[in-house]
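Labels A, B, C and D are assigned to the chains in the order they are written; within every chain, residues are numbered from 1.
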Amino acid sequence: MVIVMAPGATQADIDSVVDTVRSAGGEAFVSRGVSRTIVGLVGDVDRFSALNLRSRSGVSDVVRISVPYKLVSREHHRERSQVLVGGVPVGGSAVTLIAGPCSVETPEQTLAAARMARAAGASILRGGAFKPRTSPYAFQGLGEAGLKILADVRQEVGLPVVTEVVDPASVDLVASYADMLQVGTRNMQNFALLQAVGSAGKPVLLKRGMNATIQEWLMAAEYIAQRGNLDIVLCERGIRTFETATRNTLDISAVPVVQRLSHLPVIIDPSHSGGHRDLVLPLTRAALAVGADGVIVDVHPDPASALCDGDQALAGRDIADLADVMTTMPAMLGRTLAPAPEQAAAGV
Amino acid sequence: MVIVMAPGATQADIDSVVDTVRSAGGEAFVSRGVSRTIVGLVGDVDRFSALNLRSRSGVSDVVRISVPYKLVSREHHRERSQVLVGGVPVGGSAVTLIAGPCSVETPEQTLAAARMARAAGASILRGGAFKPRTSPYAFQGLGEAGLKILADVRQEVGLPVVTEVVDPASVDLVASYADMLQVGTRNMQNFALLQAVGSAGKPVLLKRGMNATIQEWLMAAEYIAQRGNLDIVLCERGIRTFETATRNTLDISAVPVVQRLSHLPVIIDPSHSGGHRDLVLPLTRAALAVGADGVIVDVHPDPASALCDGDQALAGRDIADLADVMTTMPAMLGRTLAPAPEQAAAGV
Amino acid sequence: MVIVMAPGATQADIDSVVDTVRSAGGEAFVSRGVSRTIVGLVGDVDRFSALNLRSRSGVSDVVRISVPYKLVSREHHRERSQVLVGGVPVGGSAVTLIAGPCSVETPEQTLAAARMARAAGASILRGGAFKPRTSPYAFQGLGEAGLKILADVRQEVGLPVVTEVVDPASVDLVASYADMLQVGTRNMQNFALLQAVGSAGKPVLLKRGMNATIQEWLMAAEYIAQRGNLDIVLCERGIRTFETATRNTLDISAVPVVQRLSHLPVIIDPSHSGGHRDLVLPLTRAALAVGADGVIVDVHPDPASALCDGDQALAGRDIADLADVMTTMPAMLGRTLAPAPEQAAAGV
Amino acid sequence: MVIVMAPGATQADIDSVVDTVRSAGGEAFVSRGVSRTIVGLVGDVDRFSALNLRSRSGVSDVVRISVPYKLVSREHHRERSQVLVGGVPVGGSAVTLIAGPCSVETPEQTLAAARMARAAGASILRGGAFKPRTSPYAFQGLGEAGLKILADVRQEVGLPVVTEVVDPASVDLVASYADMLQVGTRNMQNFALLQAVGSAGKPVLLKRGMNATIQEWLMAAEYIAQRGNLDIVLCERGIRTFETATRNTLDISAVPVVQRLSHLPVIIDPSHSGGHRDLVLPLTRAALAVGADGVIVDVHPDPASALCDGDQALAGRDIADLADVMTTMPAMLGRTLAPAPEQAAAGV
């Protein structure tokens, strides 16, 4: 941590900062510049943060140098991690396709979507039973009935299930049905929820907040990790910018940036970021090419009747096109498509 | 709602849209342009939204014309509303100062801050017992012990209390101590929480999400209203932009925009938007001048030792300056400073 | 300047940075932390910037501490500046109203608008002869014919004129007619234009780029100042954010921030930031209350026929309302409305 | 174009809008909704724009339906275009690598960089002689001396040259040396410059403004096209967002969006968007995978001594890695790397 003194700071101001830091058990090095003096701090940064040095007389700025996350940082865990979801790997040499309907609507629709997902190369099924919606008048999901449908379809199709949880009170319920818990973009800083999923004993898919910096996203992961759960997969799904031609702006650079900062796997959601069917395949190709550990894609047997986000769901011959991308691109990039469970025995 | 057909849309595409709308009980008017055809829809827009018309063959775009909120809309309630918090008015002719410490730390600090708040002209006390923090390693608030301190200080100083609630599970607990429940910026789209505070029987202070559009903010208020609670005060607290010189960018235009769209009172938080003590007074003056129904300000008896956001808390002679603004500006603008409770009997 | 070494930096990496800095005539202080080492640099920061230290082996980050502007910085000129425009002051104790039509269309329209401006309390006339327009098919301004109209109207109404210049090649032409040259938001980083207006011998109104940070804005002013022209007035006119309810988001906090960083006067454009007539008066009140040195407002005798931005022009009884704000608010705030020229003899 | 009437609009208000449109030679269709009436306009939209309908009594909003650009629109030119730069194709089946130093510094450095570019697979050389810099104290480029170096190096290495022009006054000079004129991000709405390059008789590389919407970018291209020059290549180079981990946020979705809206080729600049060497290769792979028509990359023989943007220049074994990407990826995607000139005879 570096303390930048104001041009008019007095010697007493500087001494006061140094004394405060030393009283807190740290060390402080003073560098006098032509117009400013800076004080370098060595020791426990989190303790320094509590000192409110920015409020001190003569202090102009406080610059944090080290990163504020620990458990999810690559500095503390050089090897990149692999997370297993019902036996299916995410991360490592595997590239994983997660696919399914945005919302679980009926058993038939969910089963059909799961078969489409599997045909496209997916090894994990996505589907929403609890839906956070901007409008209280929009379809909010089937709740537990939806979870039961997902469990039945898992039985039938053989894919482990990831589904969203929106409330700490329903984490146990969702965890009793799902193989992986999803925290959505609007809940990325719902800290009570992060702590609850951190204690639920299931892998977590943590979507980036649409307004969150990469650092805040990793801090959200740290909340989960701090409860003892390091089975976290990060998901970039677009950030909010001034551009209105797409639903959100996919921050594709976030993938290599996160891979440098953290050991956690990171995937991309090309459906929600673009918000339009025509963008899903180009963005999927880009996601794999940039090095993402997978993609999560909306599919629906009849997008025109979908109760949620029908504009972006793949259907019909898009599925064959997606299957083509998933079977050819990982190999080109020296990686392997994560197989669906019954093939998992052969090893990934 | 208006459906914009693509340049290459066929007559069959247009007929299909019209038929779908009519089957759903609506009416559709076709206007043929030189290069495009548009279809105007009349009827229940929420029903049309469920038709996924954007997915139809030949459809280029769907433009929503009417606003998606109802209960909080000014179209349905011309008169601007006044909310009472422990007898203190927010909205109407009153301008209300809410002040107090960012976090409740000790009984002494909270009592001192409450006295500063009162001296500055405040009629409502703010103070956080449950604190949402970006880092799991930062001070998270005193929890119920903090609520008890707030209740004791209310007794002593005579100001009703607003405090944040971060989890649906603790809404009843917080409501048992507080006069008003605050939903913070990171929880503005925590829909489970919105529904819980909507049912709690207390007024709600709804902060704008730092990435939320004004429309999304009003939709969040609609979630609360839909549970039967229209005692909602909106609070603009800065949005996230590319500018880094301030903590967030105060969107001061949001006040007149919201006042045109909604009947709910709207206040400004100059402390969290600017993030710096020196900005609080200028932004408070601007807030009153633009027509806000009040401001909410951080004060602390010793900012240098504050456990949260000490950089922005007012102290010392700032308090007298704030009192000066609060006693002179409302009158210039034809409004009245909402008096603290014991004076409330005299009427506002 | 502070160099942050990567966790794995070697002693040789650190020595190499220190040697490079010393070879460039600077001094370097090394502070060893638990997980990182930082090197504080003392000396000519601009020379250090050219060393590309970020590219060195073992370097993780380079943090600039001092501000990169000099001539416009308040560190080098404590007193806040006042700029005279045809004898009318902007800055200091004066609050100045600049008003007029967005575009000069006809002599009659410009004269009528100038009289409205004067009636509203303006002491400087604005009006565009060269208009930068997003579409090549939109009205681009009258060019020199417009400048002549402005000069005639100045003669008639007695207000000095500010008008936009969009091309270095026309700076001399515009300067031969105008009392102040305006650099528009889209040209804030048109460096050839900044240098040309810096050499033109007239005061400059520098609008903030809609995507520019405050620091970039001050650097643009530095380009003008570096050519020997310190008669610069800064104008905040809204930045681009995700919010679509207003044309741009007025960054009102920029006023006190700029006043802390720079000695230059700073005014606000409530017409272009909000983009809607109804917002002009509330934002004008907020601008004065926050401490701006003036406002620049669009007026038009017949907004419905305006060739540019008619949606935001004041007309009719708005003018009386604006006059009311301009005559009452500066006094409340301890300032004086800058009088129009013939009254200037009485002193401001 | 659609006019949305306010809820309280009268019949007279509606009639007035309809009459105005008809007087302007257009047709208007009225659709009465439950709470609002909309009026659909058919005819010349640009003429309607000049009517200021938004200012009319009873008008709530005006929604433009058709796109405001014509010459660059794909609606008017279904086939995607190919632009030839000194004989080298950009667009069509070709994927083109443009590479070279950010700034021309010396003949030796430029020659070395050009050889690196060629080794990496480039068929066009980039290099800046006129540099727009945020600080007036930073290196501003060699000017005409730099253009001469570029011309000499072209002679030696055989690659056509693209270089930036920053001022309308120097367009002819730059065009006399260069094969393609670059308009930089800060000049995307420098309309005088756009018109000048539109008349210069050379292909243009138009970088997206870092704050420009895709529509504004296409309107900027329309300015060039309107002067008779349709040899335009668009370049996405990152937009400004709240994220600070990268220099800008690469909007990779812009590529498929632009390809749907416009017939012009579109390439990506992975160097300036990410701002860091480590991001260049992953983003190059992503650019090709998403379907971009090429990439433009900074290379430098000695990044640590570069006078501009050394942090992002490729060097050493990065060049071999880039060559590997350029020789393998286009084929995987069914495209061909555009060959450097002497190989061009063999056809692309």
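What we mean here is this: a residue touches a chain if its C-beta (ideal position, glycine included) is under 8 Å from a C-beta of that chain, and two chains touch if they have at least 3 such contacts.
Worth saying up front: this structure is predicted, and the values here are computed from it rather than measured.
Participant: If over half the contact pairs have to be identical by residue number, which pair among B-D, B-C or A-B is the repeat of A-D?
Facilitator: Answer for the repeat of A-D: B-C.
Participant: A-C versus C-D: which interface comes out with more C-beta contact pairs?
Facilitator: The comparison resolves to C-D.
Participant: Quick one: subunit A and subunit C, Cα centre-to-centre, how many Å?
Facilitator: Using C-alpha averages as centres, the distance is 40 Å.
Participant: Taking each chain's centre as its mean C-alpha position, how far apart are subunit B and subunit C in Å?
Facilitator: That gives a centre separation of 31 Å.
Participant: Centre to centre, by mean C-alpha position, how many angstrom separate subunit C and subunit D?
Facilitator: Whole-Å distance between the two chain centres: 27.
Participant: Which positions in subunit A touch two or more other chains at once?
Facilitator: Counting only residues that touch two or more other chains, subunit A contributes 211, 240-242, 244.
Participant: Within the complex, which stretch of subunit C touches subunit B?
Facilitator: 211, 213-215, 239, 241-246, 249-257, 260, 273-274, 278-279, 282-283, 285-291, 328-329, 332-333
Participant: Using the touch definition up top, name the residues of subunit A that touch subunit C in the complex.
Facilitator: By the definition above, subunit A touches subunit C via 2, 4, 7, 29, 31-36, 38, 40-43, 61, 63, 65-66, 75, 240-242, 244.
Participant: Subunit A touches which residues of subunit B in the complex?
Facilitator: Residues 46, 49-50, 52, 54-56, 68, 132-139, 166-169, 186-187, 189-192, 209-211, 216, 219, 222-223, 226, 240, 303-307, 310-311.
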